[in-house]
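Pasting the structures here.
After this come two complexes, each holding subunit A, first together with subunit B and then together with subunit C.
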Partner chain A sequence: MFLEVKNIKKAFHKEQVISLLNFTLEAHKTLSILGKSGCGKTTMLKIIAGLESPDSGDILLNSLRINEQAPEKRGIVYLYQEDLLFPHLTVFENIAFGLRIKKVDKNIIAEKVNTMIQRLELEGQADKMPHQLSGGQRQRVSFGRAIITNPSLLLLDEPFGSLDAGTRTRMQLLFKKLAEEFSITSLFVTHDLKEAILMGDEIGYMEKGNLKVYKDRDSFINDPMTGVQNEISFWDSLNTKKENEPMNEEVKIKNETE
Partner chain B sequence: MKLSWKPYILSLLVILIIFPFVYLVLLSFASDWQFPNLLPSYFGSRNWQMVVGSENGLLGSLTLSIIISLSVATISTLSGFILSRTVSYHSKKHTLTLLTYFPYILAPVVFGACLSYFFLKIGLFGTATGVVLAQFMIAFPYALIFFSSFWGNRTKSFENLVSTLGGSQWQSFSKVLFPMAGGMLLICFFQTFLISWFEYGLTSIIGVGKVQTLTIKVFLFIKESNFFFGALSCCLLIFPPVLLLYINKKYVFNKLI
Partner chain C sequence: MKRKRSTISIAFFILVGVVPFAAAFIYALLYSFGIVGVVNTGFTTQFWETVITSGEFFKSFAYSALIAALSVIISVSTALWLTLKFRKELDKKFLSYIIYLPLAIPGVVAAFFTYQLLSKSGFFSRIAYQFGWIQEARFFPDLVNDQMAIGIIITFITVVVPFFLLLFLNVYKNERIQELSELSASLGAKPNQVLWRISLPVILHKTWVLIVLYFIFLLGAYEIPLILGQESPQMLSVLIIRELKQYDLSKISEGYVAAVIYTVTVSVAAVILFSKRKRIAHEA
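Take a look at the complex of A and B:
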């Protein structure tokens, strides 16, 4: 297994945020994790990224224990819900940031960044400043900035949470495409049921600091805890109601006037 | 047609604001202005030539003031920026922030008198280094308080992002935090420069008359009733802040707004 998380526990003061975390993830796969606010998703991601230290347990990346490794040495990029583009840098420089701090050759940077800009469908935006971009464009730059560094693991903390429905769908498709193209291994945290099903090769559900990873999509759908069954019943009830009503109010009024 | 008083009132206000500055400049060119003469008996550049000739030590005071204020502003802005991060992320943040207000509880003269024993013990009494240190103790808490608004969850997220992208803490400061706080750094530099530039109480006590900054000189001339040199040193005193204000307005405020 590429990522192994074993017996992780974490408490802040007396509150147990992560109860007991155990899961594995294969390379080049995406594990989407569904969970409500405050269930410990962000803390889990921060522990894996090295931004928080666990009270106990081990994290193994490529069979190597990384608990004591500094975040900058792990090769794990953590993406926030906010795009966090550097306001003083252009689109080009934002994407190039990770390569510049690793002191990669200028020509290689230019080549890689230009290719990434094309892949992100951001042609003609390279010289723009972050405030000149739309929400979707900003999130794409944020993706590009992370992916270009070729991270061993990408952690996404509700990355589309602040986008409108249309942009969100386009970004989901783009992420799927990029994940395949760049063979990305990722943990995708979301509180959106549909997004969790769409984005993950594997799906997990997190509640009160516990994570349950399902063996397949059907098990996730059939588990009443995940809320999928509730959602299905809701839409079914709407459908049944619609079928029982002979005509809707608008048609009724129209007929009466005629 | 209805007569509007607005332009007249406005002009009067402008004159009232500008008059003291113009009067100071005129006074700095004059000498031997005795009552009841309407105009001074001498009006020329003699006083200003003396500055260059450094007969009254004004050029030396100007240079010393600039060096002291630049040192205080640079040290307190940089250390304030870096240490305010530590304070803001500290678990005892509120207590530490409360302590930063401590130097402002006392009047600078009283504060200086309290500290004078320690300055005497470490051999900094009556030295420019001692004055820089004393003024730093006033300017540094200001910088700490000023930068506290910069550090928060969002800035912390930027720092975390840089480190997961492979950047060290130094790279985080040099490539992200300093450029992002550029406007604030300049404003803080300007403010701490002014705190130091116009500082009188602490400077007079710790400097014991040996460190004669321009502010000390102005008071000396006024005590001697030498209004012409007093006005001249006031002009010199105003010039650097006006220059900084112009730079700030042109390059900082316009970008921030």
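Take a look at the complex of A and C:
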């Protein structure tokens, strides 16, 4: 297994945020994790990224224990809910950041960044500052900045939460495309049911610091805890209502004419 | 109605903010060319020639600029260091309240404090004498009214650091530098790379206009250099006031020449500064 999370526990001021976390993830797969606000998703990602320390448990990446490794040495990129672009750098420099700090050759940086800009459909935006971009464009830059460093693991913390429905759909498609193209291994945290199903090769549900990973999509859909069944019933009831409404209207009109 | 109110506001601003300043500037300009003034007899460039050739004004300008620049650099560096090193501690209620206190102390009081502490008859001199480090009070190093302007610089720093500290702490929070730092570490940046490529540039990018404005403010400071400065060269405002209050009435015009040059220089700097800032705002 590429990522193994074993018996992770974490508490803040006696409040147990992560109870007992155990899961694995294969390389080049995306595990989407559904969970309500405050269920410990962000803490879990920060622990894996090295930005928080667990109280106990182990994290293994490629069979190597990385608990004591500094965040910058893990090769794990954690993307916040917001795009968090560096406000003093242009789009080009934001994307190039990870390469610049590794002192990669200037020509290689230019080539890689320009290719990434094309892939992200951001042609003509390279010299713009972050405040000159739309929400969707900013999020794309944020992806590009992370992916260009070729991270071993990408941690996405509700990355599309602040986007409108249309942009969100476009970004989901773009992420799927990039994940395939760059063989990305990722944990995709979301509180959107549809997004969890769409984005993950595997799906997990997190509640009160516990994560349950489902063996397949159907098990996830059929588990009443995930809320999928409720959602299906809701849309079904709407459909039934819609089907009945025109009939009633017709009858009403007919009666009135008579 | 809205338009009328805005016209009244603009008229009020011009009346209160622009007219007195413009009138004072025109008066100074006319005085500097000998057109007005008790003993002046008519248009002459003599006062301008005297000021420009004597070199005292430019020496004073350079001296003031150096003191202001040094004070701003040391203050900004200290405030940055405190912000990045002790941010969590400074967030605590008591300390955050303490930072505000020095801001309430007027420049003239701060200058007297410094004088009481650092002069040859001051607190530290007496301590040094009591410990036997100096034989007499006169052997205490010149820290006020001195050539190196140490007293002025120390007082400027004392007054300015709390302001920059509060400013940087706010920018740190508003620009989410903690999260940006974590993100850059996650992208592979080492702690010193996070500092030099993210934390410092972001803070300075957001505050450089205020830093420059504070430099201009210190350039024209009056009370502190008046109390703690030396006879020659003097800082600009002290020199200008000295010239304007001379017994020799014919010398007053030279004071106005200095005031005009200083005003024009600072105004041009401010216009360049704000036009650049406005352009950035328009791009946004």
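As a convention for this text, the second predicted complex is superposed on the first by the 245 of 258 C-alpha atoms of A that agree within 3 Å, B and C clash if a C-alpha of one lies under 4 Å from a C-alpha of the other, contacts with A are read in each partner's own complex, and residues count from 1 in each chain.
Keep this in mind: a residue touches a chain if its C-beta (ideal position, glycine included) is under 8 Å from a C-beta of that chain, and two chains touch if they have at least 3 such contacts.
Here the structure is a predicted model, which is why all the values come from computation and not from measurement.
Annotation for the three-chain superposition on subunit A: subunit B and subunit C clash.
By the touch criterion defined above, A:Phe220 reaches neither subunit B nor subunit C. Of the two partner chains, subunit B and subunit C are each touched by A:Gly98. In the superposition on chain A, A:Pro71 makes contact with both subunit B and subunit C. In the superposed model, A:Met129 makes contact with subunit C only, not with subunit B. Legend: residue contacts after superposition of the two complexes on their common chain; A:Tyr205 is shown touching neither subunit B nor subunit C. Shared interface residues of subunit A (contacting subunit B in one complex, subunit C in the other): 49-51, 70-72, 74-80, 84, 86-88, 97-98, 100-102, 145-146, 149. Subunit B meets subunit A in the complex at residues 154, 157-158, 160-168, 171, 175-176, 179-180, 182. For subunit C in complex with subunit A, the residues that touch the partner chain are 175-176, 179-180, 182-190, 193, 197-198, 201-202, 205-206, 283-284.
Contact residues of subunit A toward subunit B in the complex are 46, 49-51, 70-72, 74-80, 82, 84, 86-88, 97-98, 100-102, 145-146, 149. Per the touch definition, subunit A reaches subunit C in the complex via residues 49-51, 70-72, 74-80, 84, 86-88, 97-98, 100-102, 129, 131-132, 145-146, 149.
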